[in-house]
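Before anything else, here is the set of structures, which you'll find just below.
Heads up, the next two complexes both have chain A, just with different partners, chain B and then chain C.
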Partner chain A sequence: MSKYMLKRLFSMFLTLFVVITIVFFLIRMVPGDPLASMARNLPEQVKANFYAEYGLDKPLITQYFIYMKHLLHGDFGESLVYLGQPIKEIILRAIPPSMVINIHALLWGVTTGIGLGILAAYKRGKWPDHLVMFIAILGVSIPSFVLATALQYLFSVQLNWLPTIGWTSEPGMKQFKYSIMPTIALSFGIIAVYSRYMRASVLDVLNQDYILTAKAKGVSGFSLAYKHVLRNSFIPAITILGPQIAGIIVGSFVIESIFGIPGFGQVYVSAITNRDFTQILGQTVIINALYIFSLFVVDIVYGLVDPRIRVFNK
Partner chain B sequence: MKKILDIKNLTIDFNTYAGRIQAVRNISFSLYEGEILAIVGESGCGKTVTSKSIMRLLPEATAQVNNHSEIIFDGQNVLKLKGKELKKIRGDEIAMIFQDPMSALNPTMKVGHQVAESLLIHTKITKKQAFKEAVQMLKLVGLPMAEKRAHEYPNQYSGGMRQRAMIAIALACKPKILIADEPTTALDVTIQAQIMKLIKTLQADLNTAIILVTHDLGIVAGMADRIQVMYAGQIIERGVREELFYDPQHPYTWALLRSVPKVSQKSKSQLYSITGTPPDLLYPPKGCAFAERCEYCMPICRKDPPVETIISKTQSVNCWLQHKDAPKLNKPSGLKGVIHGQSL
Partner chain C sequence: MQISKADFIIEGLITQTIDHKMRPSLTYGQDAWRRLKLNKIAMLSLFILIILTLMCILGPSLSGYDFKTTNTLQLNFPPSLQHWFGTDPLGRDLFSRVWQGGRISLLIGFIGTFICITVGTMYGGISGYIGGRADHYMMRVIEVLVSIPSLVMVILLSLYLGSGMLSLIIALTAFGWTSTARMIRGQVLQIKQQEFVLAAVSLGASTARIILKHLIPNTLGIIIVDITFTIPGLIFAEAFLSFMGLGVQIPNTSWGALAASARDNIMFYPYQLFFPSLMIALTMLSFSLLGDGLRDALDPKLRS
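Moving on to the complex of A and B:
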């Protein structure tokens, strides 16, 4: 591993640490606690016992150090709402459905967006270009939850092709059917962003001198498109992958709630309403770790595609 | 000598939002086997557009080549070629080097592969053989440590090395014609001389005909066989090198010669530069395009375009000063010094 990679790894952990710290103190500044959202009129003594049991009576800074110590040992603590349930178990249960939908949405969104963007660039000014740009404008202007509801209305209520809401943990046809609408709703924004971005990138590359060099050599057709145009236009497209991944993670919070998918987002949203501090923190750690890790992967891919970045490895 | 390229009535317009830019206005010229033909003129006079049109590299959406234009290569009109036939000419028969080596190489492809690519397209060899030959080619153009360098990407090359690589790409298939569009303009002065020398040596070895495009007459003094001076999309004077340097006829050619730095000149002394700017090609003037900037401008010059006057079998000029009623002038002094300075 190179020095550059080590540096990156170090800054990844540093970022994660900072994020956890900020979130820890931030959620404590929000009014309300787990008891407030469960029952309003508990006797003072019961409340006090509860706080003592979970260490919530200690000074905040002490709580912080205790939490961090446990976290370093891989212990996320227990839920403050679903008493006795380890956060780790809740998260592990919620991850698979989210993974299915998020990864589907990312793959589908990026490939479709790239495909449409290339098409639009090569058919610049003709109807496919106008169509793609129209889709792109819809994609950025229609929020995913509006699209989700529209999809439900069309494909479930009117056509009765797909189940409105629900999920099954068994992979297969049934799960696939449940996943179609959430995937489309989640990926629409990415398609919009990617098609615009890819179109601009391809047009930019088509204007470069090295495309003329290639043509002057007699390169044409597929070779020209693949080796000279597309390879170079993918490079900027890779850089925006990070924000897209973040967008999907956040977007799935809403989408999972709408489609009744017992995933990470749904659990997260309910944890926030319940002021389930440990669970909010646990999930924040996981989300951020995933996100930072994906940025790291994006960076590596970037270096693989673009030799100008590769000099860092020396 | 045999003609290998014959350009007749080439006229090229660009359709832009501002209007029709008349970039090349009815030019005709020929290229002979194994010669170096220089096209000289200020920036914006249509040199690059002319060069690109020969390889059909102009943007199809905006560039409009007049129907009467002909570019005859090997008995066929290049402007009418399609698909396979065009592909066969590009890179194999006619090759081109561009002005800016920094942007003319594909940044994500190893240089060796970029050289090998045209070999793979135009000859029946394996990838491995093509790469080997590419390394040979890179050695030929004087790239240091060619075996190792062939595996590197353009960003690891200096400007001069990139232009060497470009030359290797262009000459890989031993083309009959090489078009070099300001091949050294973007390079340091010392590198410029090396690259020019390289082109000259390779030209002699491969017997390739070269169209050498430049804005600097000084560059071509040492190597061009014939010179054509372009102004505002037209050829205004042409002749063999000696004629253009010893007996130039057009005031614009005089001005170009005077703006070449002389070795004998004291380095800090002022360099002559032509006042004014070339005409707007959206609305080219109806008379002589150079009239506005010409010290010797006569009323007729603004009224009618000058016709071509034949000076010798090889030299001709488009200028009203050649008319029998025009005043006889003494050419500006100081032209000769250029020639001695530039080791003709």
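Moving on to the complex of A and C:
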């Protein structure tokens, strides 16, 4: 078991390393740099010093090694747009709003999705099934920015119930009001995915022989549904839950931009528009590390919940 | 002495009844089409998609307005007999623009899918058939590509390549082929164990011939289903890029770009958002329903 884990851990870090390298060079090949507009009117010597201060005068490959060295010490560098601002602080500031919205969306989306999926599977071929499947397909058919805009139009412009955009960092009623629409917009897609997944999973379990055995020995009703069917159907759902938990911190680019939430996603989008190399890089590294780590955790958890999958003995 | 065929009679054989019991033999395609025709939802989706495609081809010339001609006297007109979908803030006819945008959206979907499927099928086929160490490393490459959140990569690539149709397609396809490759590889791993592959090998067929003529045609079912999911996926991704201002550039437009620009005026002119969004949703909906139907039709074993 530990040998497998170590191997997995090693390949995880290798993947992360390759990804960081690719992203580093990809970002640096993007034409235009944020310092150029600031340094335009400076005398040549000052300009050279300016670039040297941020290490941009050295060859790209040297810059790469310097960056990697700093990264290993947990230093993400400084923003090139908001000079003097460490990336680490910008990111730490942006994480809480993203987390609030995404935890709401995930809790609401996963529970509703799973509930609807189970309902659809048990009522297979009847109208609840068709309704749930229709919602599920609709959920993946409407772009989230359209849904978000439609929500703003309905609840803010027409009904005037909720504030259109904005955020407050203090938890409370005001924050809750700001979080309602982003939560709905984000959870719609989650509901769609989970209800489809759960329906297929429950149907699959219902066809298994052990369900027949359980029925034959007289287990019925709630006990059958909970102990035999649902417990086993949750397993596939874990696979898609992993990346989504990473998404709690990462947030959503589109939804956060639309609702003006100063979260991880919005900061990332603005860094892209400003061509802020170090910040794009720093945030991409975090996104990737979280994503790869979540896949790793899913692998381990999968083996723990389902003894049929013996990943550890491979 | 002349003996004709008619002089011989096979004793005890009644040909008529055997002939009558035979069903007409159907090819794979005919069989799948026969099953698909029974699926009403899939047929309706197919019908909607054909209509949408036809409208994208004919639509821009139907209304009599050019999609990029501005008219300062008719700004933000609501839908009327004159302008069927209304006009935008520059007075351009939205009916023309929606279908012109559809051309771009569908084109990106079709071309992008063609590239993704071709690359993915080749990659997966080679990786699966050759196996061993090559397979191991090829899968590692995919693992790296998959672990980069695709939207992030697409954004970075389109920043690097600049905006425009071609760079958009490159950015979208550069990472889009991995899921196809994985799927084809899995399928090829199963098929290559079968006897006809062994037969081809012993007859001296080259590796390329076995992959192209024997393995890939046998994965056609899942390729077709994959196509129906890749096209809307790309249209969706393009819409998101347009929303972030990284999509097609003016004066050209796409459904995503139209929806994104309509967001600015949502307070006063919601219809400007409604039409392009409706087209995106319809396309997505139809493709996924058709894909579900095709999966059942092409491989009845997979029917859920």
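In the analysis below, the second predicted complex is superposed on the first by the 284 of 314 C-alpha atoms of A that agree within 3 Å, B and C clash if a C-alpha of one lies under 4 Å from a C-alpha of the other, contacts with A are read in each partner's own complex, and residues count from 1 in each chain.
In this section, contacts are C-beta pairs under 8 Å (C-beta built on N, C-alpha and C of every residue); 3 or more make two chains touch, one makes a residue touch a chain.
Quantities reported herein were computed from a predicted structural model and do not represent experimental measurements.
Between chain B (first) and chain C (second), which does A:Lys227 come into contact with in this model arrangement: first, second, both, or neither?
So A:Lys227 only meets chain B here.
Which partner chains sit in contact with A:Leu203 here, chain B, chain C, both or neither? Use first/second/both/neither.
It touches chain C, and chain B stays clear.
Just chain B (first), just chain C (second), both, or neither: which does A:Val19 touch?
second
Which chain makes contact with more of the residues of chain A, chain B or else chain C?
After superposing on chain A, more of chain A is contacted by C.
Check the residue A:Met5 against both partner chains and state whether it touches chain B (first), chain C (second), both, or neither.
Touch partners of A:Met5: none, neither chain B nor chain C.
On the A-aligned overlay, A:Thr284 touches which partner chain: chain B = first, chain C = second, or both, or neither?
So A:Thr284 only meets chain C here.
Looking at the overlay, does A:Ile165 come into contact with chain B only (first), chain C only (second), both, or neither?
neither
State whether A:Ala216 touches chain B only (first), chain C only (second), both chains, or neither.
After superposition on chain A, A:Ala216 lies in contact with chain B alone.
Where on chain A do chain B and chain C both make contact?
Dual-contact residues (chain A): none.
Looking at the complex, which residues from chain B come into contact with chain A?
52, 55, 57, 87-92, 95-96, 98, 100, 103-109, 114, 117-118, 121-122, 153, 155-156, 166, 169-170
Can you name the residues of chain A that touch chain B in the complex?
Where chain A meets chain B, its residues are 208-210, 212-220, 227-228, 231-232, 235, 305-308, 310-311.
Would you mind writing out the residues of chain C in touch with chain A in their complex?
So the residues of chain C in touch with chain A come to 143-144, 147-149, 151-152, 155-157, 159-160, 232, 236, 239-240, 243-245, 256, 259-260, 263, 266-267, 270, 273, 277, 280-281, 284-285, 288-289, 304.
In the complex, go through chain A and note every residue touching chain C.
11, 15-16, 18-19, 22-23, 26-27, 29-31, 137-138, 140-143, 145-146, 149-150, 152-153, 157, 200, 203, 250, 253-254, 257-258, 269, 272-273, 275, 280, 284, 287-288, 291-292, 295
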